[in-house]
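Please go over the structures that come below.
In what follows, chain A forms one complex with chain B and a second complex with chain C.
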Partner chain A sequence: MSSPVPTGEGSPGASVATNTSPGLRPPTRRGTELVMLSFAAGLVTLALILVELNQERSLSLRILYLGLAYLGLFACAHLAVRRWAPYADPAILPCVALLNGLGLVVIHRIDLANEGTVFPDGSVWDPVAFKQVIWTAIGLLLFAATLKFLTDHRMLARFGYTFGLVGLVALMLPGVLPGFIAPEINGAKIWLRIGPLSIQPGEFAKILLMVFFAAFLVSKRDLFTTAGRRFLGMDLPRARDLGPLFAAWGVAVAVMVLQKDLGSSLLFFGIVLVLLYVATERAAWVVLGLGLFSGGAVVAWKLFTHVQQRVANWQDPIARYEKIGGGYQISQSLFGLATGGIGGAGLGAGRPEMIPEANTDFITAVIGEELGFVGFAALLLIYMIFALRGLRSAIAVRDSFGKLLGGGLAFAVCFQVFIVVGGVTKLIPMTGITAPFLSYGGSSLLANYILVALLLRISASARAPQRAPKPKPQQPAIADQHTVMVERPK
Partner chain B sequence: MNTPLRRVGMAMMVMILLLLGNATWVQVINADEWRKNPYNRRVLLDEYARKRGLIIAADGTTIADVKETTDRLKFLRTYSNGPAYAPVTGYLSVTYGTSGMERAENDLLNGSDDRLFARRISALITGRDPVGGNVQLTLQPKVQQVAYDQLTAKGFTGSVVAIKPETGEILAMASTPSYDPNLLASHDAGEQATAWKQLNAEGSNDPLVNRATQALYPAGSTLKVIVAAGALADGKNKDTQYTAAGTIKLPNTQTDLPNFNGTPCGPGQTVSMETALAKSCNTAFGEMAGQLGANKLRRQAEKFGFNDPGLKVPLPVETSTLGAIPDEAALYQTGIGQRDVQITPLENAVVAATIANGGKRMQPYLVSKILGPDLKGIEDTEPDEVETAMSKDNAAALRDMMIQSEINTGGQGIGVQVASKTGTAEHGNDPLKTKPHAWYIAFAPAQKPEIAIAVIVEDGGDRGLGATGGKVAAPIGRAVMNAYLAGR
Partner chain C sequence: MQLTRAGFLVLLWLFVLAALRVVRSDLYAASGLRASGLPGFRRSEKSARGSKAPRQLVVTHGALTGTRISLDGRPILIGRADDSTLVLDDDFASTRHARLSMRGTDWYVEDLGSTNGTYLDRAKVTAPLRVPLGTPIRIGKTVIELRS
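Right after this comes the complex of A and B.
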């Protein structure tokens, strides 16, 4: 996309208060962030101690070192934020640190439970906690790099089409590549194996495509209202204006469905729907989208046995308990959650290893079993705080692209949590998707750290004092605010 | 764009609220349904993860032990001398649940009983794993072993119960055929399943049933002691005369009630109650029951422990009953322990023990002590006198008659005087062609009883149609009493 982002719509919103008085710098709140990070580090260390105690390991100074190392990692991330995005939201990084740390502890806990387990095929359980620590470190490096090199999120909009193309290719790659480099695991062909590493390009493609959609929608926004025709009481933009978007959307969702990655297709469908709604401010899109989704879901259910399986497992997991690909996994998850009850079995004291995929898709069930409803609710609230802080930044930021991208990213995390936790607790059929920051898996973690960096960048831009505050031609009455055009900061 | 963004924020909050609501449903409101689902092994595994308490015999021998394992269940239940004790200990199986003492004292053995509360709290504070309490039984290994060996030596199906008359302690409780509970306690699911299948197979003769408490048999002639007790209480004595006829007609019917082989009970027209009991004359006892009446007979039986549906020792015990006695003919038949009389071996031992104890019926029990995990006593079972079934004098008179009965049965004596009553209980649709059950109830030494027993051997044992209580069951009873009295 060659044209720069159009002038952002001036909707100063809440942030205006801190911006209108030049010379008075708002507080960066980095100290608050550091305090909250330390708190998170303390909680995570405590969780690790509990696991070690309950698994009857002898406590050693090692735990303290691990706790300090964890604090060190996030202290570096904190320093990166302090240097390259000083006005970033102070609550987002601590939320992420807590989730990531808790995830590491639970992954380690599952390792302990499965230590020495020999599988029917002769292979021995391979501990993965340390790998996840490495992934965390790499993720934080990527996070810092994103903050350093992406000095302004609007830079991304310039490469919207490129990102879209790269995203689509990355998404399709595992599907078209031969099996030795793109093996099918658990029925889904979404991995690329490069040497010892397995990468899910789809995780990154999601973000790339979101950038494309946001940039595209912002650049074409004016056309939506000026050109088009009314159809069934709603203003539909001309097909050629929205064509590329629908093409990319359709292809992406189709690819994910064909790769049997139901969770991702649902997530992606939802994200684009929300972007469309926010950009056009027309609720009709949501209605249309939900209709499309219902139709698509019915078609998928008719066409694919694996979709029928998931639905049947969801309806009555116990009835299909002993069937292959049946309700065993979801039943175990529910048994764990129910046995944990309100207070939980205690970290390390439950039996979450009975749930298949306990350290990836079902990791939230582990937390529900061992920390009980109390811990489970706390976990959901952490996610909610994270997502709402992200959304708040999107509301506060001044440019449309930032708003759209920020809102999309925040929604993406929340919706992903809904899909996976809803599946784990039998609210909706299980579709198989990772829990952001918690689940074991490098690609998901790296992609999510990039997502956090983008959110922080947007929030920093929202809260930072404008560098050259030009006197506004006219100070608008508050009621008229959103009709006023504000020049894009240079 | 802010308005739609705010709405998206609302949608996000709704999603989280939905998840919270659903979690409340699964983890709090509806949690029990999932927790108690038979597929949910977490609760069971938690119990296994605790070190289960031991089951110990009266002399301190460990009958049921635990062994630490490296597998997920952590502890393996082991039974030493399993088949001899299985009817009492029962089994503990991951797949098939529990039975016997393992079930009756489960809370105590797995450590969740309130009596262990103080110890649980201290375990919580000291951080040690909670462990189960131990159960000490009243079973005397020597007596138990002899009882089991006597039954199995000739491959009998049956049961032996021995009780200490003074206290009600159950000294032995054997039931055959038995089984090895170790197979069901195995952590190898395949081994468990194979054993379970074999034990429940057609023709396996129900080894999992503890016949001492769970099987009901016709009492046969052993019931005559209750009829005699009723008659004594009714003012009769050992010299009261009854008919000596070899066969009489049941009142208002054309059905014969014969003595064994139709033999007259004595040379004259009548015989004394003493002779009638010693020779086990059906005609005399039919008449005796007829004179006593259904109500008095039933009341006497209840004083001995019949019609007690809640009885637990603490294994649950089937209820012994006289059955319906609609008319006089039924009353005559009930008087010789046939018709609808149903009795467990345990109850028959209680009858013997009550007579031995001067007419005072003691509550039978199997658990003598409850011990904490540290083997320190928490609770001792106190002997409990339930009821006076007979006066002391009447009990002595009945005892003397039973001494005559023992002599008449050809008891060679076991060094001490024995008082006994045999029974040969007909059963089945064609009683004359069905092998009878052989009964023997007794106590010794007769003058100062220390052990009372009941023995039943199903279907004639090794004697077939010609079996009698005296030939098949009595030798077993004498051996068991001898084992106890010799080992005192």
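Right after this comes the complex of A and C.
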């Protein structure tokens, strides 16, 4: 909130050159974006060629067509940005394109590894790479539609409470609905099954709730900065202002208990805390929130076996390797990462069929095995650049709502990556959550493309030249004005 | 085989570096802070006026610390209103809080009926007061001063 806003220029009184003069119009940098996108598409094509080579499949021109089709897909997204958000940030879309493309290649690679596998229950491995391509295309359509219809991110603030309600319902729905609509898959009750489609409403709820919190905090910010008692060098908030924090905490705990979904619960509460911190600049909120969350987590650990399992698996996965619901998954993921080592096994040369849930929760472990530490670090850096550009746009944008929303969105992606990579590498207990843009999953991909569109919209409004204020009619000084004789009314 | 493996990693890192280059060249474009220090602009002004005349307004405390606005003789409006020259995002400032204006060669500060008042050094501003160089003007949590 307190970032130095460049209020000086563009207004009368400051002799700073205004951005609006044609000579100083900031570059839109759309060309840079296109070059970077081509680079990303080239890398993805190369990755696909390597996978096919290492799997000893016949190479054909088809791969080049696939690469070109991929470039075409993102070229359309690029044209949408060029048309509807010309000043958007040039680094965000290429990063997303590369992450999504690598995700597609790795999903295809896992399909190849598992081709023809028959599971103990008699079902055959179902290749999903093509479905993910369709989801990517739909995601990009949604992305373009968001850019087209949301001409100003401040429009969202008006529907803050509506979004909040819808988001809350979407988040809680799978937890309270009966099992035939909301089945429990892999121990988590986060899915809604409508006909042939399974959707994960929590992914969309994440964005809706962020919009709500940003709008809510902007309108009620004064409340939260009112100081209460001072304690240990912190200004504690007044007890009655804690309501929203307790509400968020309650929702997070309910998600943890009803849906058995630790990841979403942690993600949701983390986002609320960061938004509160960004809005108020008070460390006290973070300390209080973390205290509340740790308290809740400890109680949940005492009460629920599925939480106890996760923690035990985290403390020593290999000791619990043989147990049902034990450390098998994390152990296999660690073995994969160890096989990869520094330089990796090479794309297509690893053994991802050994890693469970390889194309969703553990996709980063597969990437770690095949690209090694070096490639994995590059991947994390790409996420970092994405988040960095998001935060940068949030700092540069001029309105408080945009700042909060942009900061929240960028942080959400960052935090989600932390939760999933932390779980895969045994830094924190594993909590099934998707890796943004990499994992297989339609809901996650669609929601994340909407998120990218929102970030691009905010960055476009941050980088666009300010419109020159309307020149006020210049009134001559009092002394220069004509004197008019007015007759006194009789 | 080994070559392709290493080659792909190198290309991946080249992408990261290229993205960082884009970020670097874009650092200032988004913030707009660079615009306040156009060197040629300042020099030409220096020759135009004596060296004693205040040439910029600097925010020394508060959320906008470090912000500089060059003075060109037009009045400067300070407040929370969007069309102010210095827009304060401060709960203790009024919508139209204060105005700095030039008369002759001196700058004067006047309070525009703010709730919490404007202070020149320690004195509350009730009528237009002359602002000497380097004297702090306090508005809410923000402190500004004129510099040459």
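What we mean here is this: the second predicted complex is superposed on the first by the 414 of 490 C-alpha atoms of A that agree within 3 Å, B and C clash if a C-alpha of one lies under 4 Å from a C-alpha of the other, contacts with A are read in each partner's own complex, and residues count from 1 in each chain.
We take it that a contact is a pair of C-beta atoms (placed from the backbone, for glycine too) under 8 Å apart; a residue touches a chain by one contact, two chains touch by 3 or more.
Keep in mind that this is a model prediction, so the values were computed, not measured.
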Task: Partner chain(s) touched by A:Ser198 [first = chain B, second = chain C, both, neither] - done: neither
Task: Which superposed partner A:Leu334 touches (first chain B, second chain C, both, neither) - done: first
TODO: Report for A:Thr32: first if it touches chain B alone, second if chain C alone, otherwise both or neither.
DONE: second
Open item on the list: Output check: A:Phe418 vs chain B and chain C. Expected answer is one of first, second, both, neither. What do you get?
Closed with: first
- [ ] Using the superposition on chain A described above, determine whether A:Tyr277 touches chain B (first), chain C (second), both, or neither.
- [x] first
Open item on the list: Output check: A:Leu46 vs chain B and chain C. Expected answer is one of first, second, both, neither. What do you get?
Closed with: second
- [ ] Could you look at A:Arg463 and tell me whether it touches chain B, chain C, both or neither (first, second, both, neither)?
- [x] second
Open item on the list: Contacts for A:Ala378 in the overlay, against chain B (first) and chain C (second): which applies, first, second, both or neither?
Closed with: second
Open item on the list: A:Asn114 in the overlay: touching chain B, chain C, both, or neither? Say first, second, both or neither.
Closed with: neither
Task: Doubly contacted chain A residues - partners chain C and chain B - done: 9, 11, 13, 372, 381, 388, 395, 400
Open item on the list: Could you list, by residue number, the parts of chain A that touch chain B in their complex?
Closed with: 9, 11, 13, 274, 277-279, 281, 318, 321, 331, 334-342, 350-351, 354, 368, 372-373, 376-377, 380-381, 383-384, 387-388, 391, 394-395, 400, 403-404, 407, 410-411, 414-415, 417-418, 421-422, 425-427, 482
Task: Complex contact set, residues of chain B against chain A - done: 1-6, 8-9, 11-13, 15-16, 18-20, 22-24, 26-28, 30-35, 37, 39-43, 45
TODO: Report the residues of chain C in contact with chain A in the complex, numbered from low to high.
DONE: 1, 4-6, 8-9, 11-13, 15-16, 18-20, 22-23, 26, 29-33, 35-36, 38, 41, 45, 63-72, 74-77, 83-87, 89, 91
Open item on the list: Could you list, by residue number, the parts of chain A that touch chain C in their complex?
Closed with: 1-9, 11-17, 19, 24, 26-27, 29, 32, 36, 39-40, 43, 46-47, 50, 53-54, 89-91, 94-95, 98, 222, 225, 343-344, 346-347, 349, 371-372, 374-375, 378-379, 381-382, 385, 388-389, 392-393, 395-396, 400, 459, 462-463, 469
